[in-house]
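Order as written gives the chain letters A, B, C and D; numbering starts at 1 within each chain.
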Amino acid sequence: MQSAHVSNTSFSEIAAHLAATAKSLHARGWMLGTSGNLSAVVQHQPLLIAMTPSGVDKGEISREQILLVDDEASVVNGTGKPSDETLLHVEIVKQKKAGAVLHTHSVWNTIVSDIFADEGGLAIEGYEMLKGLAGVKTHEHREWIPIIDNSQDMRELGATMSAVLTERPEAHGLLLHRHGLYSWGKDLREAKRHIEILEFLLEAVGRTLDLKRRGN
Amino acid sequence: MQSAHVSNTSFSEIAAHLAATAKSLHARGWMLGTSGNLSAVVQHQPLLIAMTPSGVDKGEISREQILLVDDEASVVNGTGKPSDETLLHVEIVKQKKAGAVLHTHSVWNTIVSDIFADEGGLAIEGYEMLKGLAGVKTHEHREWIPIIDNSQDMRELGATMSAVLTERPEAHGLLLHRHGLYSWGKDLREAKRHIEILEFLLEAVGRTLDLKRRGN
Amino acid sequence: MQSAHVSNTSFSEIAAHLAATAKSLHARGWMLGTSGNLSAVVQHQPLLIAMTPSGVDKGEISREQILLVDDEASVVNGTGKPSDETLLHVEIVKQKKAGAVLHTHSVWNTIVSDIFADEGGLAIEGYEMLKGLAGVKTHEHREWIPIIDNSQDMRELGATMSAVLTERPEAHGLLLHRHGLYSWGKDLREAKRHIEILEFLLEAVGRTLDLKRRGN
Amino acid sequence: MQSAHVSNTSFSEIAAHLAATAKSLHARGWMLGTSGNLSAVVQHQPLLIAMTPSGVDKGEISREQILLVDDEASVVNGTGKPSDETLLHVEIVKQKKAGAVLHTHSVWNTIVSDIFADEGGLAIEGYEMLKGLAGVKTHEHREWIPIIDNSQDMRELGATMSAVLTERPEAHGLLLHRHGLYSWGKDLREAKRHIEILEFLLEAVGRTLDLKRRGN
């Protein structure tokens, strides 16, 4: 049952924005095969978030399919099963005080997570694109993107994520090895900006590594 | 003449869904130059499937162009010549009890089929994307994608496909060497999810192989 | 002044089809920066062809901008300057009895034209995609794509093209070195199918060459 | 307050054209994460330019969001903060007498700016695509694209840009190291044509370098 504090208007608008963002990211090939998930906070106390359902094509998702869930991933409003990774979104929202969390699966983020998995992360610096990350004022910024081992145990994965986010408070995103990228923002617009920037940089790093290893 | 058991409504809806799916896959470059084909079961007993016609631009196909064919590839309803590969679709529908079969030609699936042709297939494991394949619960899954030699003899190719599907009942897709990818699902939605996942993974493998051979 | 034999309806429809095709090819990145050109025969005797104008963004071109030109590239109907390469289109239409001619500039066709320029062409064989080329019945077909040196002298270039087309009557397309790809068909639909197939194959060849040289 | 010399109609039309161009470039992945900026001259004396605002998603920007600014980057009409790089646009407009200036961030232009940064630029020659650059009549043209070190000091960067533009009057674009590409034109249409051509050529160079270093 929907909390009396959440207006239908705001949930509906957030749901529409989430669906539109999903379609945009799917169009780029970052949410193929129903992969990826998106969330946006509808209410902070108690926490209620708009969440994409599990197993739905992100290229065709409609606002009516977006679910309203609580911080235990229970469905408060809507029909369907929330994303398997809902608890990871909740973890990030709580710890980073985020307004939205996005998770993409792209070929480049997958490949790069593989290359740097043993190092537990990778550093990206010197790119102007970094300035689009919240709080970053200059391209001479060193962004560390942690890489976490993947797991099917969501509570375990959530705990690992939480530890890494505590260890790396300045991080704007993190990679799950051979799984995908998580980023967040104070609102959905900022989260989308962050995901686009990090995906761009991971592709640039992947291709540059490629060229550099071959003598360039 | 249309079978009395097939309602116009359901065939029309299936045809519309097939046409929309074709456009989506063509937009990704997976059905260029009228390549590829799509089918969806309209009726099981006797078998009647909605099939894309031969030689039609998959980026512009309309629901009116979709044909209704039987299990001998004879046209039951509609105008046009069904895809040359209709019998392969029928083979897969019967053997896998599939509700839909999709066949794409992408640059990466073509290249990867070439690299691993001598080995008769390739194994993909450790990727979270694998979880989107029916029955797969964990990224620690080893998916074997068989690669079959191409042939212009559809009955021979169908027989080879059948043998491989029998030998590899857990497979979710298979490659025809320098030809393309086949996947299927219990319905068109699942088949589309499978094709997107397998195309994604084949690209990731193709690019990773690239980087790994060069010392990464 | 428009020839009395050409109906407004057919020219208008052809122009609309040409504009739509231009947008489709531009969307793929094959006609960026006003590059590329498209033509379709409106009347055979005397020859009148619908031609894209010079310097127009192919992503925004409208049917009203399409010109009607004769075989000397003189504008018979419409406002604007026809493509600089109109005489090449006329050459191909006459020699191949084509109904439409398409010319694309893609990164991959440019790169591949460079790699094989010294050999005067490249052979592509074994790909199922080849079957989409008119007259080709099997993937065990060897398609030779001639590569011609570029030139700014259209009459010289047209003469060279003509000689190559005479020497290679089975060719479905040809490359101009560091310039682009030409293909044609009995109508615009076939020409579009050919261009899509050849662009696909050139990318597959370019990427495969890449991988093969590195030990795959 | 809007200058009395600028008609609402022309500013509104220019703003609409700028927004449409932004969406087109964003769709290609050249303005992800709110990166990039676009400007078009609305009035020459005194200078007033239409400018994209800072921090806005270029895939969703509307004409109402476009600002009218003067040559000190002060907002004359509209709500919002103009792009941080407005002064660079002003510099280019004044020095090149440009009617529009575009700035893109693409993976390939970023990578190539890195490869050739030590050389202060790169030469691109022999490509037919070069003919789309204003004043270039033949593919046997050698285009030098300067690469400037990035800086957060806009006035310093503007001064460096100005010096380079003076030193290289024939340049059609320039790269900021690990930042992006700037190009311009007599109007927005020409600027878009230039950006598309230069992005195409930088990708071709990036990929060719790749292949050439590996023995092709």
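Definition applied: a residue touches a chain if its C-beta (ideal position, glycine included) is under 8 Å from a C-beta of that chain, and two chains touch if they have at least 3 such contacts.
In this text the structure is predicted, and so the values were computed from the model without any measurement.
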Completion exercise
Comparing which residue numbers chain B and chain C contribute to their contact, where sharing over half means same and under half means different, the two sides are different
Problem - Interchain centroid distance [CA atoms averaged], chain A/chain C, Å - result: 43
Problem - Separation of mean Cα positions, chain D and chain A [Å, integer] - result: 31
Exercise for the section: Send over the residues of chain C in touch with two or more other chains. Expected result: 210, 214
Handout entry: Pairwise chain contacts, counting only pairs that touch as defined
Key = A-B, A-D, B-C, C-D
Fill in the blank from the handout: Contacts from chain D onto chain C in the complex sit at residues 24, 28, 126-129, 132, 137-139, 189, 192-194, 196-197, 199-200, 203-204, 207-208, 210-211, 214-216
Problem - chain B to chain C touching residues, read off their complex - result: 29, 32-35, 55, 57, 59, 105, 107, 110-111, 114-115, 150, 152, 176, 178-180, 206, 209-210, 213-214
